[in-house]
Every structure is written in C-alpha cells, then in structure tokens.
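Chains here go by letter, A, B, C and D, matching the order in which they are written, and residues are numbered from 1 within each.
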Amino acid sequence: MLNLDFHPSGRHFLQIPGPSPVPDRILRAMSLPTIDHRGPEFGALGCELLGKLKKVFKTESPVIIYPASGTGAWEAALVNTLSLGDKVLMFETGHFAALWQKMALRLGLEPEFLGLTGAEGWRHGVQADMIEARLREDIDHQIKAVCVVHNETSTGVTSDIAAVRRAIDAAAHPALFLVDTISGLASADYRHDEWGVDVTVSGSQKGLMLPPGISFNAISDKAIVASQDSKLPKSFWAWDEIIEANRNGYWPYTPNTNLLYGLNEALDMLLEEGLDHVLARHQRWAAGVRKAVEAWGLEIQCQDPEVYSPVLTGVVMPEGVDADEVRQLIYERFDLSLGMGLGKAKGKMFRIGHLGDCNDLTLVAALGGCEAGMKLAGVVLKGSGVTAALDHFANHPLEAAK
Amino acid sequence: MLNLDFHPSGRHFLQIPGPSPVPDRILRAMSLPTIDHRGPEFGALGCELLGKLKKVFKTESPVIIYPASGTGAWEAALVNTLSLGDKVLMFETGHFAALWQKMALRLGLEPEFLGLTGAEGWRHGVQADMIEARLREDIDHQIKAVCVVHNETSTGVTSDIAAVRRAIDAAAHPALFLVDTISGLASADYRHDEWGVDVTVSGSQKGLMLPPGISFNAISDKAIVASQDSKLPKSFWAWDEIIEANRNGYWPYTPNTNLLYGLNEALDMLLEEGLDHVLARHQRWAAGVRKAVEAWGLEIQCQDPEVYSPVLTGVVMPEGVDADEVRQLIYERFDLSLGMGLGKAKGKMFRIGHLGDCNDLTLVAALGGCEAGMKLAGVVLKGSGVTAALDHFANHPLEAAK
Amino acid sequence: MLNLDFHPSGRHFLQIPGPSPVPDRILRAMSLPTIDHRGPEFGALGCELLGKLKKVFKTESPVIIYPASGTGAWEAALVNTLSLGDKVLMFETGHFAALWQKMALRLGLEPEFLGLTGAEGWRHGVQADMIEARLREDIDHQIKAVCVVHNETSTGVTSDIAAVRRAIDAAAHPALFLVDTISGLASADYRHDEWGVDVTVSGSQKGLMLPPGISFNAISDKAIVASQDSKLPKSFWAWDEIIEANRNGYWPYTPNTNLLYGLNEALDMLLEEGLDHVLARHQRWAAGVRKAVEAWGLEIQCQDPEVYSPVLTGVVMPEGVDADEVRQLIYERFDLSLGMGLGKAKGKMFRIGHLGDCNDLTLVAALGGCEAGMKLAGVVLKGSGVTAALDHFANHPLEAAK
Amino acid sequence: MLNLDFHPSGRHFLQIPGPSPVPDRILRAMSLPTIDHRGPEFGALGCELLGKLKKVFKTESPVIIYPASGTGAWEAALVNTLSLGDKVLMFETGHFAALWQKMALRLGLEPEFLGLTGAEGWRHGVQADMIEARLREDIDHQIKAVCVVHNETSTGVTSDIAAVRRAIDAAAHPALFLVDTISGLASADYRHDEWGVDVTVSGSQKGLMLPPGISFNAISDKAIVASQDSKLPKSFWAWDEIIEANRNGYWPYTPNTNLLYGLNEALDMLLEEGLDHVLARHQRWAAGVRKAVEAWGLEIQCQDPEVYSPVLTGVVMPEGVDADEVRQLIYERFDLSLGMGLGKAKGKMFRIGHLGDCNDLTLVAALGGCEAGMKLAGVVLKGSGVTAALDHFANHPLEAAK
C-alpha cells in the first residue's frame, strides 16, 4: 500500500486551491464496484446525474461530461466551436488565463490577449470595458469567441461574468462567450443561462470536491449551432455523439464510472445542503481568511474587494521573502499544503484554498500553520491572524442549512 | 448512497470484457485522500509508477499516462504522429478496429481499411500478408502509419503483432506502427520494444484491473521524431510537455490522482505475481471457457485457434436465437453481466470476459449462469459446459506464483 | 497492509457457516469515523437501531446488544437469570449445544444433558417429547431453565422451537426457556415472542452478515423478573444498567461503535428486502445445495428433512475418506473455505454455509469447487451436483423482493 | 447510509479522551473481507499480532485479547484472579476508579476504597504511601489485590505505577497488582514487566487508535497461578482456554476478526514510528494544550504537575459557569466534541483529548474552537490559548521519527 504522507500522525491539511479535500462520503461512493457501462443501472445513474448537474451549472442546456481532467475541457470548448485560424479574444487575469491562451495558440487559433499592463494585471479581474471597446473595433466580426476565466486560481480573483456578457451585448458582437469556471463552480456564484454563456468549462476537483479526472462543457444552443460549422479536427471531444448517447444516460465510449459515482454523491451533497448555503459558506470562510491576512498586516493578491475570490486567497509576502521557502517550511513542520505562486507571481505569494471538505476549525488550523510558519521563517507579522479569523467565525454564524 | 444493483443479495458477476472486476485492494488504494499534485509525495509516486509501468509494456521508452479513458489514447496516438490528409492503413478485425478507423476519418486522416471480406473478417486476426502486399504496392510511401488492434474486444481474437512487424519490415516500408492493446495489456502477451511498435495504445479498465479513466501511449524514438513533424492540432494530448514534466514524476496539468493510486497498486499486484504467471492464468481460464463452449456444442466467434483471445471468448448463438435476449435473461435471473455482440455481430453472439479480479470458481459461476440461462431461453445444448470447464481447471493446475 | 489471501487473483469464496461473507455495503458503513458515544448523533443512532432490531427478533421486548462476540451472549443469558447450583436442562444437538453445556458447568450450574444416544444425536433436532417427559418428572421444579440450540451450526439441523415451548407448557413447568439462535437469526424463521422464548441468544456474524463482535439477548418480562433474583455474579453482562441507558439510545459503557454502524446498515438491508423474502431466499439456496448432495450420491448430516437447516448443509464423506483432507485440497486449489466437522463429526463431514452475501451463482461456484475437489481427492460421485443445483435454481425463481 | 454528522461540511473534530480519532489506514484495514477464523491465514495473523502486542505492553508474558470492549477486561482481571468475598484495595483517582470499584462490589468482592478526601481526591494521582501504610496494617494478608487506574480518563491524571509497586514491595505484601491503563497504553509510558504488574487491563479505542470493541489483559506468571485458585465463576473471560488456543494464533471462540485487522495495522503504525517517538509526541501535545489553558488563565483539573496526563487535559471552568453548556455550544458551533465532566466533576470541567489520529494543527483547531466557544459563552479569558499553543509547537519541534 502506498505511503502518501511523510508525517507520522494525523491528517494532512490540504489547503491548496484544488484538488480540494475530498469528503469521505465521496471516497466511499467511489469505492463501489465498477459496473457494466452498457447495463441498465448505468443508464439510470447517467440520467440521474446529468439532471442534477444542470442545477449546479444553473442551466437548462446539455452539460457534457468528459472522462478527462479539466485541461481537456478547455480543449473541448475550443475544438467544438472554432476553426483553424479563428481569432479569439482572451483576457489575462493570471496564470490559468495564460495557459488557456497558450493552448489556443497550439491548436492553431489566433488568440488576442487583452489585459492590464504589468504585474497589476494579475491583481484585478476581467475589465469588461476593455472587452467592449475591442469588440466595437471589430467591425467585420473577425473575433469568433471571447474567452475569460471566472475564478482565476492563480490569484484569487473572481471576475464579473455578467459584466462581460453585457459588454458583448453592448458591442452587439456575435462572438461566442466561453468561460472557464474550473475552480469557481459550486464555490462561487455561477449562472450559465442567466449570464448568457455559450460554453462553460469546469472540472471535478475544486468545488465539486471530487478527485481530478472529470471535466465539463455546459453548452448553449448557439454553441451547438457553432459546433456544426467548426472545422478543428475532433473526435474524443466531439459533442454530437455524446449528446446523442446521453439521452439514455450512456456515453459513446467508456466513461470513468467510479468518478461518476463520486460525482453523483457530490451533487447530492450540494443539493441537499442547498447551493445558496454552499456559496454563503465559502464567502464566510473567505472573509475569515481575509481578516487573518489583514491582522497579519500582509497584502492580499487581489486588489479589488468586489472580486475577492470565495475559493482561495493569495497572500503576498513582504519584499525579500521567498514565498516558496515559507510554504516548504509550513509543509514540513505543520503537515499543511498551500498553493504556490505561479508564473508572474512565483515566489511572491502563497495561496490558501478555502474549499472542499472544510469547516471553520479546518481553516483555523490552516491559518495557525501559516502564522507559526511565517514567524519561524522570519516574516514580521502585525498581529494574530488565527484569532482574528476565529473572532470572525464566532461572530458571523452561518444560518443552519435546510 | 447509490443503489447500483437491482438484486437483493450477493455480488454481481461482471464478466464483460472490461471494465473488468476491480480488486478490493485497488478500490482501497483509490480511496486514499487526494494529495497536492505539486508536492513531494506526488513526485515520488509519479516516478515510481512510471518506472513500473514500463515493465508491463515491456519497453525502455516513455509511457505517457493520460487522465482520460481509452478512446482518448487512440486520438493521442494519431494526433501526435500524423498530419491532416495523411494516409493510414488500418485492418478490420472487428468493431473496435472500425471505431478507430472512424476516428481517423473524423480527425481528417485518410484511412484505408483492409480486411477479409464479409462477416468472416470478424472471425480472424490481422492478415500480415495482406498488409505486406499493400505496403509493397505503396512505392512512394504515401502510407504514414499501419494501425492494428492487438486484442479485438468485440470478437475475442488476438492478432499476431510480431507478424505485422515482420510484414512491414519485409516491405521495407517506413510507416509508423500503431497498435491498440487496450484490452490486451497485462492479460495477453505484449512486447512493445521486441515487436517494434511505435505507439502502443492502452487503457486502465481491462488487464490492469482499474476502473476506466486512465489511458496510455507507449512510444518509440521513431514516434517521438515523427511527433515533431506532425501537423494535427494538439495540446491536451501533446507528448512533449508530458515527457518533460514526467522527468520529475509530475504532469503539466492536473493528473487524476486517485486513479493513479489504483494504478500503482495494480502494477504492484501484477509485478508481485509475475507477468508470466498472470499471462498463464488468463490462458488457462480461456482454455477452460472454450472447453465449456465446446461441451455446449456451440461455436466460438474466433475461427482460428492460433489467435484465440486469453481475455474474452465470443460465443455464437445458433441461428434464430437473439443473443441479446439470452444475455438479458441471464442478467435478470443470475445477476451476471456478459458482453453484447457489437456492430456486425449484434444479436448473434455474447462475449464472456475472463479477466480482472477472477479465479477458477468465478468462471465456473459465470459459465453456470450462461448454461442455465441458455437452457431457460430454449437454446439446445449438447452437454454441460460448466462441468467441462471444472474438469479442465481441476486437471490443469496453475503452478504457484512466486 | 495485511495479506489475507494466499491466492493471486479473485475473491475468496467464504462458504463456512459463519462468519458469513459481509456485503460491501456493510463494510463501507463500518468505515465511517468513530463518533462520541455520549453525543447526540450516537443517541439517535442507538434508538433507531434498537427499534429495527426488535423487528428481526420478532419481539416487542428489549434486545440487549453486547460489544462482545456470541459466546459472551451465551454467558449473559445464564448469569442474568440463574444462580450457583441451579439445574438446567439442555439438549445435545451437536457441538455448540455441547459447548454451551460445558459453559454452564464452568459457571457453576448443574446442566443435565438430554439427547438421542450415540452419533445419531447429532443428526436430528431437539426431541420435544423427551423434554416434556423430563419436565413432568421434575415435580418440585428443580429445573430452572431449558436451554436449546435453534440452528445447530455443527450439523445443519434447525430444531422446532415452537414444539419445545409446547412441551414446556404441556408439562406446566415454570422453567425459563433459553434459545441460542446465533446462526439462525435472519436466515431461518425465528419468533421470539410468538414462541414464548425467555432469552434468545444471537450474534452478528451469521444471518446479520456482520463481522463478529456483537451479540444479543432478546429477553421476556419473565426473564427480567428472574434476573432480579439471579445470584450469579455479573457486571459487564448485567441487563439492568443496559436497559436503563438504552432508553435514550446509549450504553452504560463504551459500545463498539463501528460495528453498530454495520448493524444499522444490515438491519436496513434486511428490512428493505423484507424478512419473508430473506428467509425464502435461504430456503431456496438450501434446497439447491441438497439437490447437489443428492446428485453426488452422498449423505446429508441431518437425517430429518423437516429440520434441514436453511443456513448450512453438512455433507457426510464416504467411509474411509478424511473430510478434512478434502476440505484442505478444496481450499488450496479453489480458494474456497468450507466448515470442518466438529467434535463427534470431526473428519467425517464438511459443512457448506449458504448465508451472508451470496447469490445463486456464488453457490454454484462453491458446489463446483466441492465437486472438483472431491473428485481430485478420489471421492466417488454418482453425478454432477453443480448442474443439479443449477437446474434447481433455474426452475425455482425467487419472486422479486419488494 | 447513516448520516452521522449534523454539520454540512468538513470533518468532525473528535477531541474526547477516547474513542480517539481512528486513522484512515486503520479504517481501511478493517474493511478487508472477514475470513475463516479457523483457516491458515487467520492463524498466521493471530501469531503475528500477539507478538507485536507484547512490545506495546512491554511484556514477555501473554496478552489476552477479548472480543469485547474495555469494561469487559476489567471484569476479566477480577474474575480470573479472585474469589467471592475477597478483599481488594482500590484507590479513588476519579470516575473510572469509582466504576471499577462498583464493578468489584457487583461481582461479590469486598473492595476497600482508599483516597484523598473530598473533591481534592480527583485532582491528584494514586498516593503510594497510603497504599503502603494500608498494606502494612494488613498483617494476615486479607487483601488479595491492589487495583489502581494508571491514566484516569475522567481527570487527566496519570498515576505513578512504579511507585505503587515499590509500596507493595516495601510492605512485603503478597497481593496481586492490577492496573487499568485503558486510556494510557500507547500514549503514556507503560511497562508491564518492569513495573511488576500482575494484570494490566487495556482497550482498543484510545492510544491504539482503534474503534472500541477489543480489550486486553496482560498477565504475569503470578496472575496465572492465582487464576488456578480463583473461584469466581467465569467462562467467556477465562484465560486458560484462550492461552491454549493462542499458541497457534487462534481463539477458543469467534474473535472479532475485522477489529483484529485494525489492531494489526495499529501495531504496525506504532512500531514503525517507534514507541518512544509516539510517547514524546503525546507529551509535546499535552504541554501545548496546557500552555493554552495557562494563557486563558484557567485551572487544569490535575493539580500535580508530575502526573499531568499526556493523553487528555481537564479544563476547570470558573465558578458559576456550566461546563456542559459551554461544551454544547462548542459542539454546535464548531463541530468539535469535547469530553464532559463525569461524576464529582460533572458540569465543572471539560476534557480535551490529545490522542489518536491528531497532529499539531488538529490541536490548534480544537483549542481555537474551545477559545471561541468559551468567549461566546461569556467565559472571561486572560489571553489567547490558541496562539500560546501554536508558539509552543513552533518552538518545540518533534525530532523526526525513524
């Protein structure tokens, strides 16, 4: 049997912004025996979970499930709707927006990468006005799609998707609207239909609290129409055969059955608690964590309070401190994993995930580990973040779930 | 919690040719907590399992692991090595060979589909002489790749891959050699290096005894060179970044961690038992099942004893019997899942899988269910297959594993 | 991690008459985290399962749950109701009746052991007329309790408990009536209230399909009254404090929490299927197994068809065959555990359990292993038992569970 | 499936002084299939774990394993060594000492209960001088056994067992020495042989990190000799047959197999880490928790620093505060279970367990929950305990386990 932990006792604290800690209830569901993916129980399971999934995406349209991790669903969104050489407008909010742009390049698209200049760009959300202005310039509609990241996992910024929709509409531009909410779904408010998104990309290992290995495309009618003209080669990612097979709860090729068991359980957990309650819980945790950062006298990576992420918080280290060394020390001494700074933020910040199978005291523990670790690493702190967070949680009770 | 079985008591007998029954040991490994895919334990795990994996493919070259089910690895093999409009020579051995050919078409390749004529084609293996003849004709080397299926899951025929290699060499043709052994690996003898295969495609849910969700490309140096010229758009499937990240046991994007735990455990199980012993075990089971079919007086789908599959056996129903009705009755009355006839064989045969977490008595049970179910369905049987198989197993002891 | 199986592949067939194969659903329930046995969730769980448990014993009276294996509940039945030197009338039906009698001796009681003479005694059930006659002789009511075993696990004989009750009543004798149905409960028909039993002893690891570690005393009002005068020292086993604490779902000392999770799940499974259906299922399996023994031309240990056990069948080996050698060979070659002959039956028979997480094909497999193993061991068989059982199961469908 | 938690997200913090949080590794081991308790794998397992168990008790003598929870092992210690009417000298250190004395009474012994007077008695350990004085008075050796509790779970006091041994020796008294270390074993230093204990009583659900359901008697030669003259009735608890069957790794009656799997895993975990390291870990946690209590300005129940328990800490509430109301509030708001005050300490204190599957941050979380909960309940605190504990853990690194 694997030894996955170098620490002799206790549970590891996995406070990275995903993969998030998986509830035992989901791990248990995933340990059910694999069944015949062509048999009647499977069809019943497929129909049930496809129905529940729509509620989480807040859509009436199909949601495609891929037996592949999240990066695959990025590719799927592009190859199903676009053709070689198509221009796409992307917005640089951070490392993952940059990776998606790089993928678009590799696939033969022509991405244009808007964004605020310099390091500032990674401390704010999507600027809808910049998108609107650019679309207005695009008089002959060369731009075929606008692609933005909803919750930028590398920075802890949650962009205003409704505003981007309004920008596209204000420009009266026909571009498709593609949104990555891999790390936002089921932790941050997200509304596929209401916000007029054409393809929503998401994954299993964040707010859905599953291990990685499943990803999604929620698609609009407009996206389906676009897919019929799209010329990028595709087979595994092609929507058409999946939609057809999904009608009876099946897939055209072998789905990843045991992760689907976990997905079904996750959906039950979310819907039993109530999505509104789930979202409020994440907002409350995020506020508590920010109270801690404030008490420490440190900066939050996101500089615009309106778009603070409810999923993760980026903590900026003072000048001269190597954030990765701090993280390493915290990991070794306190059995706590934090997210590293990525790309332009490498070494400058660490990220605290507040999602998945957590509660107030889990976060208190995580903040305790950060606090003690930073002190050991010589970071000068203004005050105790862990007690500030504790006071916040004590004074802001979550109303009971239904 | 999911209810996955309509029967009130006992374990379901999953005797389809994959997904195969998953050993509890693997399900247990998969229920370990998800860890940070950027942390040190993960890197150690990655390095360890990539090393063990090579032993199962019998290769010294890299094996790419995709967090995606097997169909994805088919696509990966094509898009990494080929360019739009490339000619590929494929051989029709059955339904899965046909699906791969269909995928090649969708991806913009020009597959040529060799094969024996009529229904006969699905009852024999790859005809290496036909491939050799075709390659000899291809004087200007328009054909960029030869693609064959090693163990055709739809028929129970295991083609002679070494013979195809010899055919390509005899024709002195530079085409790449791509082989699908999704259902053959770790159940049927397979030798990536010795047989000179350029890309071996495989999956997790057959001989590796995992749930579906992981797939593989084992690749030769020649394939890597070809990938540098390949023009098909690719990003998720691209080998280059994966090979690079794998050097330290990591992946460029989120791998499906919990299935990798299962894979690591599966590799331990196979290597502890010894691959030779594992292969002998499958051969012995297959022989026992064929004894049963013979005793029943029924035909085996595969008509060439030299290429009987050790993984599954196709049982042909007498004229006038609907094989799917027999299967349905067996499922309902005996809690036993069998594989259906696919494509050209639909309704004419059923398939008994003899792979995964089985032993002699599991197969005796399965054959018992087939026998009783066929009788109930009015199929006239010559004798008792279950006792024939039992005699076979009793008289052919497996030497003890080391 | 433990290596519990010397065989390289497949599930072990555990066909001993208990511990029975535990359904995964129960193992999964048992893996929930241990909780505070003084907290509110625990009290709710305790109340719920004590209520469901009564339905399985068919009683309105309290059922005491001990965090101890079945032998403990034998002791509890005696020490709660009797005093040093008390005479008890016991009936020798087999090895377990003999062990209970030996326990009574050790505890300072004076057991009188009725029974048919010789080896015959172990091939029949309790003879109610002998009990009646003995009680009629006991004019001054020296006998304080009548103790019988309902389902004798060593022989496969299920005695007629209602007849013993009638015998006691016919003799107008005030003795308490103590019944061991450790291996009968939830597999064989059992009715604590209707049959006027004062203390029913049972355990977890048979029809309740749990691992061993929990045992029971279902008790009548008369037993409770008797417990107030009983003089045998007792503390751990004492009913009074348990009954008191159980009112709120708790126990006076630490209960074995995780096995109680399993018990709760087991009760749900039995009540969801319906007890009548569960009992019919066992009767049907037993009939199939007897068909096999008959086809082999061997003798069943129980010589009275009216009391054939639905839980297990004792198979008598021909003169000169060492049953334990046959069992050993079957174990080694076919990964199948059978029960050995115990006490007077040692070496003369083996026992096939048909209880726990089984279905028709599980039993077909087990019978297959017996058949092949006996042949390998040189036992001359008249015909094929496995096909006889298969025909029985095919021709006697179980009506669908509700 | 059971719903065992009223909180919608995250893991419950089980910080009662047992049952302790069970490591997943143990829960996983317990979910292995139940095997034949008469088969060869079982015998091998039994021998292996009986050997490893001696190392944890630090004894060369037999350790009896009961398939029963801890209270049963108290009874076993008494009924195996004593006879009706025997005088035993017990020492009142708290609630569990009082319960053991009550049990002795129920079993027909004549316990004499020494102790410090008043509530003070529960704030100190065993006074060896009082025992010595009493034994010196007992010139005709009426006292047959001295019974003390090593780690009193109700108060957080760990008595000096070696001192009691010296006291008995100093009085040259032949009484047996019986010690309960149910909650001490494998968390607090304990040495059965070196300290000359005759019967050590222990249980599974504390330092061994198992669910409840297994208990122990480690026995000396002198105890075995005494058991041959003991007259208390016994059968289930009798050592003789168990010792005999244990020679080959078996038990005379059905053991609780799946908990034994867990025990085997627990022993591996403890011995892999090294007992010394395990004990140092608990001492360090206890010191951190006491730092917190000190920072809060509250009293620790144990008033003698030499016998502070490494397993749990009793926190005394200020006059006028109902400790149970505070506990209830903490449970409801922070999903954290604490131990209640028992017996004479009811309502006056709560107990923090620092044992089982914990680490520094788990305790930080628990202390955080206590701190916030006490504030919400209006308890006036002098300072922050959580930061004091954090500083302690940061400044006192545990040397790496081997």
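Observations on the model:
Note that contacts are C-beta pairs under 8 Å (C-beta built on N, C-alpha and C of every residue); 3 or more make two chains touch, one makes a residue touch a chain.
Note that the structure is a prediction, hence the values are computed from the model and not measured.
Of the two chain pairs considered here, B-D and A-D, the higher C-beta contact count falls to A-D.
A centroid comparison over C-alpha atoms places A as the chain most distant from chain C. We define each chain's centre as the mean of its Cα atoms; on that basis chain A and chain D are separated by 46 Å.
Chain B and chain D have CA centres that are 54 Å apart.
Spacing of chain C relative to chain D, judged by their CA centroids, is 34 angstrom. Counting partners per residue, chain D has 1, 11, 24, 28, 31-33 as the residues that reach two or more other chains.
The touching residues of chain B, counted against chain A in their complex, run 1-2, 4-6, 11-12, 14, 16, 18-22, 27-41, 45, 66-72, 74-75, 79, 84, 103, 106-108, 203, 205, 211-213, 232-236, 238, 253-259, 261, 264-265, 331, 337, 340. Residues 1, 24, 28, 31-33 of chain B are the ones that touch chain D when the two sit in their complex. Only residues 1, 7-11, 13, 23-25, 273, 277-278, 281, 333-336, 357-362, 364-366, 368-369, 371-373, 375-376, 384, 386-387, 390-391, 393-394, 397, 401 of chain C touch chain B when the two sit together in their complex.
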